[in-house]
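Two complexes are shown next, each including chain A; its partner changes from chain B in the first to chain C in the second.
== the complex of A and B ==
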């Protein structure tokens, strides 16, 4: 079982790494980070902070583009085309193994991509003489976990949506909503308990949507660095646990739906 | 001895519409036995049910009724049986960034039986590429391959694990005349030298009559007739037999 998942993961990684689109995204990310460095010269007085925020935002953007395109292709497009995926499914390969392998492959691709981006960032930090802070590593780790959740979401939505447009729209909508889930919870808590709309419609939604407030170390950077805000490894462990449970549940549910779906004739 | 048995197989598709689903027949009460060592052709017009019956056999879709037995077992549920099947879909595509050798390596590793030494695996890849005539292109990325070369690579992945049964959906589709002749020669070689039972679908009467031992004519989602080679070689042409079977169905307004 693990061997077959590993084979699909390796295939996914090799396909994507050699794909020119991925190369272009790497190039794009490099160029954007470069411009971030140039623009830091304009941000006199807070160059380091400007660079850090820009670079982390670019890494997130790069990761999103990479995973949204790749997830749709491996889950939906290959199935629609009836291409190599049919040749896999007539082998002793279960569909959930295929999906798990694809997910593992893209997670690794994301890790490789982010490692490259991190390397570029480290190079620029050294080149510009900026100070290195351990919060960079924590922010990168949290960003990776956040993107893993988005990848799992993309897998689920690629499985259930019927067009690329609806897949992209719904994934981006949930991604955006995940940034305000905590705020929604706070607002609901302030409402009168007899407000049925909040209780019946919004409250369950806040527990279904991802909560990206778990990944907010970069937003608290200044406070943590100054010692005004506490940071604990235990908190990072909770974030990891949240990611494993949330992303794991999404992948299991996607696999269930994918296993039940009939592959349409081309 | 039958290696494939379609037993009263029925498939109805439920096509999603705006507010309600529409039912469309795939195949209806389809019963057929295919014997070991045969080259068996499924002949029918577009939409007659050929691909549906092959997909049911392979477990890619679930039957509405009836069942298919492959080597005496249900192919959809038995991984051991699946590893004895080779399949070439109608639309074949491979990642353009990979070479035929890499692609075959991945397919080999998925098959549990392929847990063998690396040198043995490489030797088998070399041999398979030789059989399908892709020896010279083994290290080239498939992005620049012609339709014929992709089809050959499709055959290579289907026979690599030494299956007992090869299932091919419209294998000559999109090939040029030379490619069709080469594909035909390859079929005969696989059947005669490797003793592989071949079940294939086609709407090309000329191709079916040249290689098949027996032919099933499907029209209107139903099996209309089973013919042996002797019938179209010694009596009426296969074309005439086919038209005689199909035209009444078309005239009756059935979906063929």
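== the complex of A and C ==
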């Protein structure tokens, strides 16, 4: 079973790395990270912080673009076009193994992509004489875990949505909502308790949506570096556990739905 | 199918509900203030979009750039400024200095450079002590352990009373910090000049001419050094 998943994962990684679009995204990410150096000239007095934030933001955005495009391609388009997926299923391969393999492959691709972008960023930090901080490593690890949750979410939505537009819109909407979950909770708490609309419509959402504040060490960088905000390795472990459980639940459910989906070329 | 969906949704909610208790506080209570401060301003929608994309710090950095551009765009002539601040009166220039700085604090409560910059500009350039004190007190509520805010409050009090030796004492404490804006260093150098401590002023201008990140301050310091050298 694990061998079959591994083979699918390797195949997915090779397919995607060979894909010109993916290579272009890597290249573009490198260029944009480099462009961050030019932009820092504007931020006189806080260049180091500005470069760090711009580069981390670019890594996140290009990671997001990379996984959104790839997830749709491997889950939906292959199934719709019936191009390669039928060839897989003539062999003794379960559908959930196919999906798990695809997920593992894209997770590895994301790791490779982020390592490339992180390498470019570290190179520029060294070249510019900016200081290195261990929070870089933590921020990258959290960013990767966050994108793993988004990847799992993209797998689920690619399985259940009927068009690329609805897939992209719903994924981005949930992605954005995940960043303001705490704000939503706060606003609901401040509402009048008789406001049933908030209670019925919004409160369940705050429980269902992913809470990306687990991955926000980069947002608290200055506070942590100055010792004004606490940081613990245990907290990072909890973030890892949250990712495994939440992304795992999404992948399991996607696999269940994928097993029941009708696969036929249209 | 429906049963599976229900089980999935309930499990996700339970997982999230349990984990939510351990989620680190991401200062969500600050965001409404940031959005309110930027209401009607160019960057308001940008802040919202960037926060939604998880790029809150980048939103904060862009807001700081807005502040630098706003305060770097000349709104008054040298004569106007001397008519007001030069005579110790509060100016009416740059009315958005306070809201723009509050917006930055809302996006990142620990961006100390921005607070020191905004409060310094309000207190020492524009003589708007009340606004500067309000800003520093707001910042102190979020970051109570950061002593330079308290020092700046003291410095403002002494500036208000024109007690220059005490003012120098407090600004000298802030001066060596890496997050001390060049503007505050320039203010300290000018106060040294007023107090007749030319050598200390010269050393600050010398540093500014060599190492200030802002080109305008480098040029300004070079001009000041020339004047100091030609003076008897």
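Assume the second predicted complex is superposed on the first by the 262 of 266 C-alpha atoms of A that agree within 3 Å, B and C clash if a C-alpha of one lies under 4 Å from a C-alpha of the other, contacts with A are read in each partner's own complex, and residues count from 1 in each chain.
Everything that follows uses one rule, which is that a residue touches a chain if its C-beta (ideal position, glycine included) is under 8 Å from a C-beta of that chain, and two chains touch if they have at least 3 such contacts.
Worth saying up front: this structure is predicted, and the values here are computed from it rather than measured.
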Which superposed partner A:137 touches (first chain B, second chain C, both, neither): neither
Touched chain A residues, chain B compared with chain C: C
Contacts of A:7 with chain B and chain C, given as first, second, both or neither: first
Which superposed partner A:92 touches (first chain B, second chain C, both, neither): first
Partner chain(s) touched by A:169 [first = chain B, second = chain C, both, neither]: neither
Partner chain(s) touched by A:18 [first = chain B, second = chain C, both, neither]: first
Partner chain(s) touched by A:245 [first = chain B, second = chain C, both, neither]: second
Chain C to chain A touching residues, read off their complex: 1, 4, 8-9, 11-13, 15-17, 19-20, 22-26, 28-29, 31-32, 51-58, 61, 64-65, 68, 108-113, 117, 143, 145-146, 181-182, 213-215
Complex contact set, residues of chain A against chain C: 42-47, 49-50, 53-54, 56-57, 60-61, 146, 175-176, 178-180, 182-183, 185-187, 204, 206-216, 218-223, 226-229, 235, 238, 242, 245-246, 249, 253, 256, 260
Partner chain B, residues of chain A touching it in the complex: 3-4, 7-8, 10-11, 14-15, 18-19, 81-84, 86-93, 262-263, 265-266
List of chain B residues in touch with chain A within their complex: 51-52, 55, 58-62, 79-80, 82-83, 85, 87-95, 97-98, 102, 106-107, 109-112, 154, 157-158, 167
